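All remarks here apply to the structure that follows.
Note that the chains take the letters A, B, C and D in the order they are written out, and that residue 1 is the start of every chain.
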Amino acid sequence: MSGNTLGTLFCVTNFGESHGPAIGCVIDGCPPGMELSEADIQADLDRRRPGTSRHVTQRNEPDAVEILSGVYEGKTTGTPIALLIRNTDQRSKDYGNIAQSFRPGHADYAYWHKYGLRDPRGGGRSSARLTAPTVAAGAVAKKWLAEKYGTRFRACMTQLGELPIPFENWEHVPHNPFFAPVADVQAYEDYMDALRKSGDSCGARIRVQATSVPVGLGEPLYDKLDADIAHVMMGLNAVKGVEIGAGFASVAQRGTTHGDSLTPTGFASNNAGGVLGGISTGQDIEVSLAIKPTSSIISPRESIDIHGQSTEVITKGRHDPCVGIRAAPIAEALLALVIMDHALRHRAQCGDVVQAVAPIPAVRLG
Amino acid sequence: MSGNTLGTLFCVTNFGESHGPAIGCVIDGCPPGMELSEADIQADLDRRRPGTSRHVTQRNEPDAVEILSGVYEGKTTGTPIALLIRNTDQRSKDYGNIAQSFRPGHADYAYWHKYGLRDPRGGGRSSARLTAPTVAAGAVAKKWLAEKYGTRFRACMTQLGELPIPFENWEHVPHNPFFAPVADVQAYEDYMDALRKSGDSCGARIRVQATSVPVGLGEPLYDKLDADIAHVMMGLNAVKGVEIGAGFASVAQRGTTHGDSLTPTGFASNNAGGVLGGISTGQDIEVSLAIKPTSSIISPRESIDIHGQSTEVITKGRHDPCVGIRAAPIAEALLALVIMDHALRHRAQCGDVVQAVAPIPAVRLG
Amino acid sequence: MSGNTLGTLFCVTNFGESHGPAIGCVIDGCPPGMELSEADIQADLDRRRPGTSRHVTQRNEPDAVEILSGVYEGKTTGTPIALLIRNTDQRSKDYGNIAQSFRPGHADYAYWHKYGLRDPRGGGRSSARLTAPTVAAGAVAKKWLAEKYGTRFRACMTQLGELPIPFENWEHVPHNPFFAPVADVQAYEDYMDALRKSGDSCGARIRVQATSVPVGLGEPLYDKLDADIAHVMMGLNAVKGVEIGAGFASVAQRGTTHGDSLTPTGFASNNAGGVLGGISTGQDIEVSLAIKPTSSIISPRESIDIHGQSTEVITKGRHDPCVGIRAAPIAEALLALVIMDHALRHRAQCGDVVQAVAPIPAVRLG
Amino acid sequence: MSGNTLGTLFCVTNFGESHGPAIGCVIDGCPPGMELSEADIQADLDRRRPGTSRHVTQRNEPDAVEILSGVYEGKTTGTPIALLIRNTDQRSKDYGNIAQSFRPGHADYAYWHKYGLRDPRGGGRSSARLTAPTVAAGAVAKKWLAEKYGTRFRACMTQLGELPIPFENWEHVPHNPFFAPVADVQAYEDYMDALRKSGDSCGARIRVQATSVPVGLGEPLYDKLDADIAHVMMGLNAVKGVEIGAGFASVAQRGTTHGDSLTPTGFASNNAGGVLGGISTGQDIEVSLAIKPTSSIISPRESIDIHGQSTEVITKGRHDPCVGIRAAPIAEALLALVIMDHALRHRAQCGDVVQAVAPIPAVRLG
């Protein structure tokens, strides 16, 4: 398996390149009988779409999704759901100047060595554009989980470059271009404007959360729920770190502090991030991601060409100066796909899953 | 699949419980013709073994491995290698008092809800004892990778509780009970003695490294090398965070800093941690883990019993006050299993892999 | 996994319905660097295409394939190859009269019970139309195997209803509408004309052969080469029996007859059909299939409706009176996909495969 | 994957060699809470065991199974069930004379070419002895299916060499050494005695049946129920042909005959063998197998040695002159494993399965 399929029971097979004719995916294993239309999927695609603010790539892609199969008379049939998104705004000429050399921090060096060739148009297969089909598939998973268990997914930015973003309220997230949980984002607007002007890029930290997750999801020994979450999150372009619950802070915690006390009305804290022994506890799943700065920048960088000779690389074209900005809806989709897969795996072995244990106290990280 | 198999081509299927008659694994997909004996495996098992210092559990297990199949006249045959380790020092009575209640931070709550029952003897299947077969399988992978590519694995502790451990030299690691890369470990001895006396536990941070890794390993889109590394590492008992290369520090880096420059003699830095676009670059693979404090502690904790009633839990028995101490050889094994699997996947699709790109400059993290 | 992906390393994920907007597949795992164009695939699709003689369905589908991804500058890149075939000649109204009842011998009864709904348009997902993407994927496998090992695939009809078709020569196969290895097909033309007039359908027997197959392909214990061949062949619509080599005739053979003698110049016979112990021997792979008569016939049949009430069913629409007629190119494709997958599996574990053992004597079945 | 794991959700990983220290398997995915003991498994192992009549190999193996894991207080826990069978009656010296040459019709030629070596002791991994762990795993599946759905499995011999065995009654099967459904087996006793005396071997035909199979099992497109049945059956040692329902007889049937009429009280016939469109219909599953004559015979055969030189081979040692005789319980186990896997797959995607449609008329093949 060449790694383009995600999931064991709710399987998403992704295809396409940034500058090819189309991208898309095939979802295999969706339960039959769920109402599904393009509109259900388009909403999340629009949240991820480029060109929506001056802080992201100006490539203009409507990312309109077409359902090719698996839905009959408005309902899923249980057969593969093929989703197609045509590429419409490729400008391959922008990439001509980097076809013979390698961008520092970019996948093109590794692709060249692995396959003996590479598609330099927009990064080809390594482009973050390929997260669009993942988001589309995630929308299907979200809908099923919401209808079946009331599970919800949300994500926000908690740090932009060196600026921490305090958590005020989830309500602010949809109202600013940064997916920031704060009312006033002027500081981040200014930061990004200065960054763009400098020709550089920056990293970001993203928090992802799932609520009303059924208890009992996750397969020990190796396919633990948190292991599979780490897999999808680290596999997202530019991610260099993943935390569950207290994450790296747990290193300096004592056992008497870290272990979340249980009470007759629920857990007293959530250092576990909703997972114990690799299995969901019914608490909120809490994940945090470190996203590195974009490698495609206009500032000149020292590098080599395909013949191993020293050269200088400048990446023109339309790139996100902070890929973390658009990562929130993608991270939600990835978390939904993992939970969906484990929901099906659970009912295969253990029968239908139990609803989230109630009441779960509102103790949350950050 | 219930999650007890790791890998797609070099497949390890793990079985057993902490206090059952035996634990073990079946390795399927090992190339034929490699010399292999129990001694090749025992060395790593001995590094992970309990009872080797006063800072780890005093359970006395020789962890002697028996090869049941897959080796003929001292060589692997290409058929499944079954490895068996008999349990010899179970004391199930130690666990009687916790069979009816849940330990805060422990898997038993989740197992109970998932399966409708649990094996309370030593945590049953959720016990860290089940890492022994993983270490055994990892030893087989290490041997093949060393012979074929010269790949080497090592790990050390970089933080114990709130005490950071500076990096002095890899040579110190085998000479102290903490896998610490320092000459003088008195501070850590004292720290652990005080911790044990207090009846509490602490976390740790572990660094894992692979050198001479062939370039080109890793399968985009979803089964990237770093994604699969994150999967196995987060799946290790008690791990709450995983970083590749610069990890969470990359959030505050600029693109001009983070992206490792390429020069005719190699990369100028290793913020990437040896992976670009999910594919190995030939640089050292660098991984860092956050390990939470042990949940099984002697200090009384607030909890509930299986009927949902309030209770107090004290965990007697023999437990590691810092599970991170024995994590180093396990983390090495997990990294070896991932790289082995991707080496086979690579040669399936692309033919035999290229040796590590040379020369690789000695730039390393930390 | 819902069963729409074939193969473990050369993976084909099939999607679409007979009367939806499109059908297609995603091939994951194709080695990089092979020249590939739509023309390479179209040739086999044209051999399978409906409407090419009066003996097959008169549905007029050009089955024009579009490569959506995985090919750059005329060469495979090692990333997923998505193939799209638009449906152009659906006439859903033809099926209105059977939406409320079940055709004897047809999948619609089983689909109804499995999914709680069904797509009655042309059989939806159960239609033989879904073999088109399989044929397209098989063409890619055939090309790689031919270039790498010189492996070739061919199939012919050996029985039509109760009429055995003697084997004269492979050269005749492309020159008649039955894929029959004989020069004179008048008897079969007459037979089919009479059958159509009677409103009935008939079965067929198909022989499939691969030549110049490398020795050593196949994974014991469970994924033997012949086991995987039986899997794909029995999974082909309407197939009720599969034989390898001597097949059912071997029941009455003695060991002294059945076991193919080995001589310094090759095997003396091929009762094994090219497989011993589940592993290819370098001899020709020989497979035989039993294909049942089409269930969609115009003759009235006793049946029940979806409420369990007695009814009579007549299937109008455009159907193949003998689905076996178009089965030859599909069976070739299926055999190619199995051998391709095992070629990649073999080189993953054992390194690159050995060429077919030469000389292979020309002893062939029937 | 090297092919030693069967199933996608109820996964059986098989290990061991005929003359190694032990054979066994790991079952992953068994639902928790089912009562299980060694006795539940031993019964089927005893039916398959060698040495039970003069017509089978005289190797004396008790085949005593030990449960190493996955069962706690007499119930399955949902974690891997490891089963171990020690080999006790190996006589490796019997095989010394064939280590340097290849037996016609035997796997050793293919193993040699695949792996570059082979284990000549009793055929090593290719030995029919490795069906014992499969039978053990099948016993677990049978128990779960019987308790959950009332599904039952049985198999009998329908032809021995050139002697057809008429079907009288299933009740006779356990009362003769041939698993023959007839009261008087004198003819078969005589046939086998003469065969043994002649130093030759013969084939057999086996019928396998599952009753009370839930409707809706099977995953189109590729993992159809009949496809997966064909996979396991063709993968059984010595099998050269597989039929479902009417099998090869369907070639000469007309559609008006083959398609089983539906009536308000059930199907009027069972040419389909219980599967339509790859999905179970609730009718009995009917399978037929062709088993070739044993290749290990005492009569001298023309062959080559490992240097390609002409030689003569005589196989001493203890072999079954008709491996089909012990195939009945193995075929039952294989069918049970496939149905078990699909039962779990079905409830993953579609929720819990429906009971077998009743009443199913008693129309049965042959």
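Here is the rule we go by: a contact is a pair of C-beta atoms (placed from the backbone, for glycine too) under 8 Å apart; a residue touches a chain by one contact, two chains touch by 3 or more.
In UniProt terms, the chains line up like this: A, B, C, D = Chorismate synthase.
Quantities reported herein were computed from a predicted structural model and do not represent experimental measurements.
S.K.: Tally the contacting C-beta pairs at the A-D interface and at the A-B interface, and name the larger one.
M.R.: Greater number of contacting C-beta pairs: A-B.
S.K.: What is the chain whose Cα centre is as far as it gets from that of chain D (Chorismate synthase)?
M.R.: Of all the other chains, the one whose centre lies farthest from chain D (Chorismate synthase) is A.
S.K.: Approximately how many whole Å separate the CA-defined centres of chain A (Chorismate synthase) and chain C (Chorismate synthase)?
M.R.: 39
S.K.: Provide the C-alpha centroid distance between chain A (Chorismate synthase) and chain B (Chorismate synthase), rounded to the nearest whole angstrom.
M.R.: 26
S.K.: How many Å are there between the centre of chain A (Chorismate synthase) and the centre of chain D (Chorismate synthase), using C-alpha atoms for each centre?
M.R.: 46
S.K.: For chain D (Chorismate synthase), write out the residues touching at least two other chains, lowest number first.
M.R.: Expected reply: 1-5, 8-9, 14, 29, 32, 78-79, 114-116, 125, 220, 345, 349-350.
S.K.: Could you list, by residue number, the parts of chain B (Chorismate synthase) that touch chain D (Chorismate synthase) in their complex?
M.R.: Going through chain B (Chorismate synthase), the ones touching chain D (Chorismate synthase) are 1-5, 8-9, 11, 13-17, 20-24, 26, 28-29, 32-33, 66, 68-70, 72, 75, 77-82, 84, 114-119, 124-125.
S.K.: What residues of chain C (Chorismate synthase) sit close enough to touch chain D (Chorismate synthase) in their complex?
M.R.: 1-6, 8, 14, 102-111, 113-116, 125-126, 130, 159, 161-162, 200-205, 215-224, 226-235, 240-264, 268, 271-273, 275-282, 290-295, 297, 299, 301-304, 308-310, 345-346, 349-350, 354, 357
S.K.: Going by the contact rule set out above, which residues of chain C (Chorismate synthase) touch chain B (Chorismate synthase) in the complex?
M.R.: Listed in rising order, the residues are 8-9, 29-32, 78-79, 220, 344-345, 347-352.
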